[in-house]
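Look for subunit A in each of the two complexes below; its partner is subunit B in the first and subunit C in the second.
Our next item is the complex of A and B:
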């Protein structure tokens, strides 16, 4: 509850921010809110954040955890990796920088060997409090390779690092492709050139882990409550963890998985070794609160500091109130929302139908269904612009005025389809009637549906839409043969397009749990394996294009992905991409410096700052 | 009576088993998706899903999973007795979390029960004794409002008025009593009041109806004819029989509440069983859902046993039958 003194300070801040707004101006568009320039940052204060649930996928154990919010906390506050990101917004936030390593690695000419040298003087936090060595990093990789730890993105390392095979005991010599000639050197040998290898060793699973603690936890996710810090903060109560034996270890008090996570400064951390984390705040509390309205109001009132993706009603308040608007932060989320079309199912087995569907779609209407430009910019291709260094920012193969759909162009395209026998630009084949569509039974899908249906009707396609709680299960099951779905969206794992196209268009997909919903590259063999019929016309594959891009680095790699994106949009046409999602945060007036972590798509906890009010 | 209690205990066990079987089938067999997928990350390979299944015990045949679950309840598991399993979500034993949450729900339930019994019975008596007066109409108006108003709406309204506008309440959240008894009380008053409102209203209507019916009985007329004071007629003869059904209803209401006051806990952000089960359902954390179901079922069946036994003492006709 704010005291009267606090209210005065808050009121003063409000006045100051209004004056600042008057002098400096604000973004006119809700999607273009400026970050207030508050000059020098204040050190101190405990940031607070409330949400309905943690939603961890692996109990916050870095080996398997696959949640962006968790990565933001881990990489900003708890874990340092050989290389990392600068924890800032935009393209600079996607740049690889040395972290535990003294510098970027020495790479052999054939691109197969990466040698890292570690900085001196970096220690684990309490109660371990010893210098981090290359063996602690090697141990993290051994955990990734341990089947029972269920490393959820082990696929980035398995088959890439020589000898790293999940479930295969590497033996006393350790993993063949990881050498630690001394405590400060680690050498990786790869099986093939991998242009994004540095992105892969910037993932939280590769951060050093003290074996003396983690060896006690053999089940996936258990180590999450005993996590030992290597960065500027740690769980509150870490110093009380008795690591004298496995039996004496009890969960660290600062992490209650059904209540809160509390972080305090790590006394063993040396700021001089870290160029990219300012560590302004004294700590952070992430609390669970089942009443969304309650914690959103608390942020508006200044009692809690952050709200992530506010509900539409609260977002409206933030956008419409000039004072609150100063506290709204919108950043690109590197996530594309799209309508997927199944290349093996009529009428979408015809590329002209897929192109016509792209041309006719009222993307502006879909954006409105999502809540307007605040939620995202209209997407015109597959890979988010920030990941291609804006190379395709102006690219739109299916243009229309205000992105509202071009009926004439769509009908021209449809005329070329085998399903338009009379050539009037409208599908007249029965396959276009009552086409099964699976979507979610919650907004924004429910609000999108009328827009999609009325758009497709113009070219003769009518939908038989099913709105279900879990739309992903049927569309991920190949045998269900779902022709179209408005449900999907995809976000990056790390800032390289491989984490998009590598998963989404790989022809070697599983029959259940498949992410290549369009079945790009479907072969007769795969169709048989999954129990579906192969369409008459062959389905294009981009496997070779992906393989080509994967080997490249730098500008060449970016261009390769951009060309592949264009090929997918024009020659394969598996999707109707419609929204480049944005990430929205509302803050309390105590937040004097907001920073967005582009890699994690969340708050850059290491680079925000609060007023001193937060200390009270 | 001993045989009666033994028979009821046996019956209690059977009911609990049937409930666990039903819950097990609902959450393990009926969902279209695989629960393991939810905990296998964003792009799970079949190998990762298989590993998750092994760790969660989902790789075994469904009847084996169920029998293991039942056996663990009675004999305990690696985390002690009763064996309630390991949470998929928090990766920790369900038991300790469940007991902590149950204690919070009990605090909420006891406080609210005291309030609703006090208010509900008092209002019901006053209303019956002042039948067709303004007091009666006002009381029944209150009762109608209390019964009709959804608890979440009342809760949000109460928070808006007493916290955000008047600043009389510290708002949402829970402070353990051992940490700060004053803050504990301050945080519990509003949830108690909101939760009690609905029950109090219902009890007021019930007590009023029962009392009015009782007061029309022949033995009440006889008592009055014998010259007993009105106080004795109502207090000794009228209330005793009109309150007897309240015992039955209270037992069931209270036991249901101990299974989790889902809405009240959600609105006031109280970490009780209701909040736990909502989160578990959302996260497909089946062991937690099952454990809460078992505990809730135990509460209900046990309380109904207690009520029946008490009822037997209060009303000899029940004992004889």
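Our next item is the complex of A and C:
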């Protein structure tokens, strides 16, 4: 217990520090944001980047890693796949180009066989330093099929490549649908024509992996600390990895999971084999720093080179200061943020309640909670506009003035619900009281909560909101029966809407680790398997629509996804989409050329440039 | 918290007598207390502040309605009170304390915050006093095995890492509708009160036990025992009245701790839900916007400091007045 005297001193100090803090000025006018032109290209310099955590989903092991930031580092700096993307922004960044392969593959007339020829002279980095062969790619697929490796997007290959089944040992002959007639040829045989197969073999998990190293790591994520490079950079200290036996291998020094990742140039890399990576910088350092304010200030001061999605206060500085504005880069994120509603849980088992919730939601308020229009446009449907070639840019099934919510229309919709017995447009059933909502305990979720709660209260729905560190685990566990969550967002895996709707609304979902939070297409059997009750109302399924779209290609495919998006928004209504996110980067003055990797939604590390001044 | 305040037993059995005065005037302990307390200006200020805060808390809805014309969760002026980056605007004629991140009136939320702080502090302290006094008295009076069990229980609870434990309970009970223990523990105000009470009663119990130990050896207890009084009668009619002073002092001193504890829990996001204004939660929200919106921190912090300070001053004053032998 402090003494009276001490308390006075403490109180005085606190007041003084607060008064001092209050003297900082603020401005209110915000300017327009646009992406500045890129500058001259110079070689050299070590790029630095700080973030609060490594949010790796699988320890940076390419077989299972599912984090966009990690994909950006892997595909730009560490891994080459048969085909890849040009590591630039916008539509050109979504184009498939040959990388390890000499050219795009030969495809058989029935669309079932893909033959790739590999370029000569591409080697693994140290300490392996040998020519990459088609067997190394085949090995990567065998790892995808190994259950213990937990390849998080194995569903892109399972059931598509003949004989590839997760958990099934392919035997000495290898996977039936992958042949390697010689060191430079690899042939894939598919079970059905797959319009986006090239996108699937551009994923980091399919990059060649040297078996002599990776065979020592049988558990998910382990190989992440021993990753052998096939591109322009490698972990610092890779050359010191002793690969003479499994026992002699110690984690590469350039990756400390509690501190940093440090990348240096790969001496075995041949620039002549690579058209799409300029590899201007000498290296990159990604450091952890739990103090967001600190690393944001460092970027402004020029001590750190990149800040990813700055906080609103820092963003305002970047936008309002003419010098800083030159260092702000905004690109489409191909990511939708949404509120998910559980079709099996009251009151959201009633479609009229879900529609009313869409109509009443103050989306502009949610956008503000995120930091305003710079963070993204207001979403009015599921698939990001850029991924549908703006086909649904004007589509808004639940319109309201300034996107602030339409109380009259929402109440009109609510009147049709079984939960509004007196027909006044306000839910009067007890199921609308204290509806469990699980969100994150960090911004922007914490800032969204007042907006969401006050919006839904207008139609009689009150929330019992829980703010937790990890909101995804409960909402991904079907048996937890979470009726609504403000946490989710989804970004594309590759530039095809299948990676949105195919993943998120497939009725054959797992009971834990489920991404179909709304339980679209829930059947009696599935409900029983997951231990929940089936609601009275039938739950719509879009499985057939997904299957139809998957078979199509080109414009037809795009239109098919757009129609499915509309069906979901009007006939299923699983979400309240609210933000079609943009990716915002602030940079230091050292960055003379910024490039955005449209595939990974992050910095295109292979195509940025710094001034030659070495940073400390 | 570790500094124990021991030995507050005040004799109730006889008046203080002047030796050399002709007329001996008897004074009751209450009179003596009042004589000493009213000379302590600082404690009086503390008391005044507490009364003012209590009135503010009780009449918060009336003040909000008459002065600010809006409730604590009203967002009708959110568009005007935040800029296009969603950053709040500072004090002006409409919002005298400025706005929070959601564009709500900070003045209204701060005065409503007094409700939460005082409610949590007083209810939790009340519960811990009841538990602490009961167990402390039983342990001290009966002694033997019961004393050992209760004393070890106190030791165990005092050795638990309080905040970690609270974080654990709050986190574990937050991810399902039912909460924990079949719905007995649910996040929110109730859980906060429960956690605070569960961890603060041992302090009271210790003091009470110590005092009971010394009181039970006094002559007047022996006298009543020789007259055939039962244990329960001795405990409630003889021992308890002698414990009133330390209980009052310690309860007053534990209240500010509990206010701070509620603020800490809310700061960590484990306290009351966001729609219930709480100073701790406000400070937490303000911490990441200190540079652009310092008012979000200044006002809740000022009220928090003022409240805890007032309770501490009053507690110190009460101690001085009730137990003049205890030096500062």
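Going forward, the second predicted complex is superposed on the first by the 549 of 616 C-alpha atoms of A that agree within 3 Å, B and C clash if a C-alpha of one lies under 4 Å from a C-alpha of the other, contacts with A are read in each partner's own complex, and residues count from 1 in each chain.
The criterion applied here is as follows: a contact is a pair of C-beta atoms (placed from the backbone, for glycine too) under 8 Å apart; a residue touches a chain by one contact, two chains touch by 3 or more.
Source: prediction; values computed, not measured.
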Output check: A:293 vs subunit B and subunit C. Expected answer is one of first, second, both, neither. What do you get? both
Tell me which partner A:465 touches in the superposition: subunit B (first), subunit C (second), both or neither. second
State whether A:150 touches subunit B only (first), subunit C only (second), both chains, or neither. first
Have a look at where A:258 lands relative to subunit B and subunit C in the superposition and call it first, second, both or neither. first
Could you tell me if A:240 is touching subunit B, subunit C, both of them or neither one (first, second, both, neither)? neither
One more residue to check, A:453. First (subunit B), second (subunit C), both or neither? second
Please work out whether A:515 is in contact with subunit B alone, subunit C alone, both, or neither, and reply first, second, both or neither. first
For A:537, using the defined touch cut-off, is the partner it touches subunit B, subunit C, both, or neither? Pick first, second, both or neither. neither
First, second, both or neither for A:64, with subunit B first and subunit C second: first
List the residues of subunit A that touch subunit B in one complex and subunit C in the other. 1, 293, 473-474
Hey, which residues of subunit A end up touching subunit C in the complex? 1-4, 7-8, 11, 14-15, 18-19, 21-22, 24, 26, 28, 30, 292-293, 311-313, 315-316, 319, 365, 367-374, 436, 438, 441, 443, 446-447, 449-451, 453-454, 464-469, 473-474, 480-481
Any idea which subunit C residues touch subunit A in the complex? 1, 3, 42, 73, 75, 78, 82-87, 89-90, 101-102, 104, 171, 174-177, 187, 253, 257, 269, 273-275, 285, 288-295, 297-298, 301-302, 305, 308-309, 312-313, 316, 328
In their shared complex, subunit A is touched by residues of subunit B numbered 32-33, 37, 39-49, 51-52, 55, 87, 89-92, 97, 101, 156, 159, 164, 167, 170-173, 265-269, 271, 275-276, 278-279, 282-283
Within their complex, subunit A touches subunit B through residues 1, 53, 55-59, 61, 64, 66, 147-148, 150, 152-155, 166-167, 219-222, 224-225, 251, 257-259, 288-291, 293-294, 297, 470, 472-474, 493, 503, 510, 512-513, 515
